[in-house]
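What follows is a group of structures, each given as structure tokens.
Shared between the two complexes below is chain A, which pairs with chain B and chain C, respectively.
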Partner chain A sequence: MIFEVFRQERKGQAFMHGGSFHAPNREFADAYAREFYARRGESVALWVVPREEIVEIDEFPDEFDLKYRRVDGYSIKARLKEARERAGTLQG
Partner chain B sequence: MDPRTHDFLEFVQGGGQVETGDWMPDEYRARLIKFIEMHGNSELMGVLPERDWILRAPTLQRKLALTAKIQDEVGHCQLIYRVVEDLGKPREACLDDLISGKSKFHNVFHYPTRSWGDVGVIAWLVDAAAIISQKALLKCSYAPYARVMKKVCWEESFHILHGRDTVLAMVTGTPEQFELVQEALLRWWEPLMHFHGTPIPAEEDPMFVWRIKSQANEDARQQFLDGYVPQILELGLELPDQKLRKNEDGVWEYTEPDWDKLMAVVTGHGPASQERLAFRRLSRADVDWVSRAMLSEAA
Partner chain C sequence: MNALGRSRAELLLELADDELILGWRNSEWTGIAPFLEEDVAFSSIAQNEIGHARALYELAARDLGTDADSLAFDRTLDDYRCAPLVELRRLEWARTIARHWLYETSDAIRLDALKASSDPEVVGLAAKMDREEIYHRMHAEMWLERLLATDEGRRRVEEGVRELWPYALGVLDDELRHRFQAIVRERLPFELPDVEPVPRGHHEAELEELLGEMTVVRRSAPAGAQW
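This part shows the complex of A and B:
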């Protein structure tokens, strides 16, 4: 079985992918993960996951151009100018 | 060259990095496998010269440090073979090709270790030469390999310190201890000069063209000489090359190493090549029952 390891370097930080190894079961995976990724105190926590349990998604089509959900979907410059003109607060 | 390969080449030459599932040209994949497999082989074969000294280490502290270093190297081998496996070549096939002599391992692991002085020189200078090559792989166009290198380089830095400390203890000891280091250094100088390979220009080196390596061989050797020759000489140690000097342009000049000899060594004709391979065959047969027990556990 191949296990993928994610390691956290310091409390509060995100877990980052560290690498993978072969292990016959979870018990060995636990021991190997400690030896490979935490022997010198380089990790404060590890996530050890069987590779087949990971769902990878790497395509994100945006067929309907849903940009109203993103900041680049809004251009407020012209409207802001108009609003300031109306209010009489437009500078220079 | 087909347009897809052309685009790929442009992508990696522009600093782009590739993941396991991405499309890649067959030649790129084949070169990656060969190169990374040889790196894995070298980690595994590299523990054998040091293994010979675990029982003969002069103090308990040195024995433990050497054992820890060996554990690191075997761990590197496992991580690196995992990268090869994901590219399509199983670990068992790597081990088969290693012991049959079909694949190669690094020149420095084809030499015997005659004294404790060798252990210091290997851990200090061979690892220093290796870390220069490995740091240049942190920018490898194949991202999973570059990520593994981060951990490998970090651990190698301990090895260099362990080696330097061992050497310092000996050069500050008795005249006999000093002589052990000096004698080992004279023997190891040629393999060290061979280590980074022939001075092939980067643009002609396919490994650089595909950006598997990010540095020309000669640049790596220059970096090694620049970093370590002063550190060697300041200890009062001597090097065997009378031509070795840094010229006015800051470039190290040296006697041209015998490149045919390097080729002979890495193709299995080094002084310890066959003995090491025989030992690897023996230990593979010896621990076969462990693999079988583990696999039945996994099933």
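This part shows the complex of A and C:
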């Protein structure tokens, strides 16, 4: 089995993906995770998850190009410039 | 002298020598363990054992007016007090797990006894060691369980345990040995005979070879060299 490990470096911080390793079962995974991700005091907590238990989603259809829903949104620079020209407030 | 009939330093040296020599033997798997993850884990256990040995030697060295390195490296073969169980060279995984499990089971009983002793320094060190040994025991137990789960694994573990049984009985003193025997017989799915323990004080031929290799750097450096 492959296990994925998420490490927390300090209390209160988000867990970040640390890496993965092979182990025959959860008991071995517990032992190995301690060795690989916490022995040097580099983590305060670990999440050790069998890879097959992780739901991976990597397809996000956006057929109608609804840009305004994306985090980068759409550029308003040009339109802002036009609006400022009309209002006579364009600087520089 | 304590309840076990020997000085504190003698008792500490038995324990320290067990941990040092077993740590050394376990480290022989570094690079060749059955798979990469286990290689790291077992090497780490070996390092822990040697770390325990160092702490024990340091305490003994104070009583004896010497230092930890001198105790670890400069004594003669006959002065080592380790149990023959840890001296054996058995570079076969099922035997390694058999010894690991038998040793950790003995060691847990011994540490419990030390934690209940009246010497605060010994109690403190035993408790500190035990906090790491918990993980060694978990590791030994999970491997035992895994090997016992298949016919081939079980056959190999049984062979290993039978071969090591008289040696395993030599790790603890009489009063603690009974508890050890009871725990082992309760846990293992096969019968073990009543046999005479192979006691401390005599050494297996492999120890001489191990000491030669272990002390080669120490012997090659001028006395007082700093590392």
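Note that in this section the second predicted complex is superposed on the first by the 63 of 92 C-alpha atoms of A that agree within 3 Å, B and C clash if a C-alpha of one lies under 4 Å from a C-alpha of the other, contacts with A are read in each partner's own complex, and residues count from 1 in each chain.
Keep in mind that, in the parts below, contacts are C-beta pairs under 8 Å (C-beta built on N, C-alpha and C of every residue); 3 or more make two chains touch, one makes a residue touch a chain.
The structure presented is a predicted model; accordingly, all values stated were derived computationally and were not measured.
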Partner chain in contact with A:Gly19 - chain B first, chain C second, else both or neither: first
Contacts of A:Asp58 with chain B and chain C, given as first, second, both or neither: first
Which of chain B and chain C A:Arg34 touches, first, second, both or neither: second
Partner, of chain C and chain B, that touches more residues belonging to chain A: B
Contacts of A:Met1 with chain B and chain C, given as first, second, both or neither: first
Overlap of the chain B and chain C footprints on chain A, listed as residue numbers: 21-22, 24-25, 28, 35-36
Chain A residues touching chain C - in the complex, by the definition given at the top: 21-25, 27-28, 30-32, 34-36, 39
In the complex with chain A, residue positions of chain C that touch it: 35-38, 40-41, 44, 135, 138-139, 142, 145-146
Chain B-touching residues of chain A, taken from the complex the two chains share: 1-2, 17-22, 24-25, 28, 35-37, 40, 42, 56, 58
Complex contacts: residues of chain B adjacent to chain A: 21, 71, 75, 78-79, 82, 91, 147-148, 151, 154, 158, 294-295, 297-298
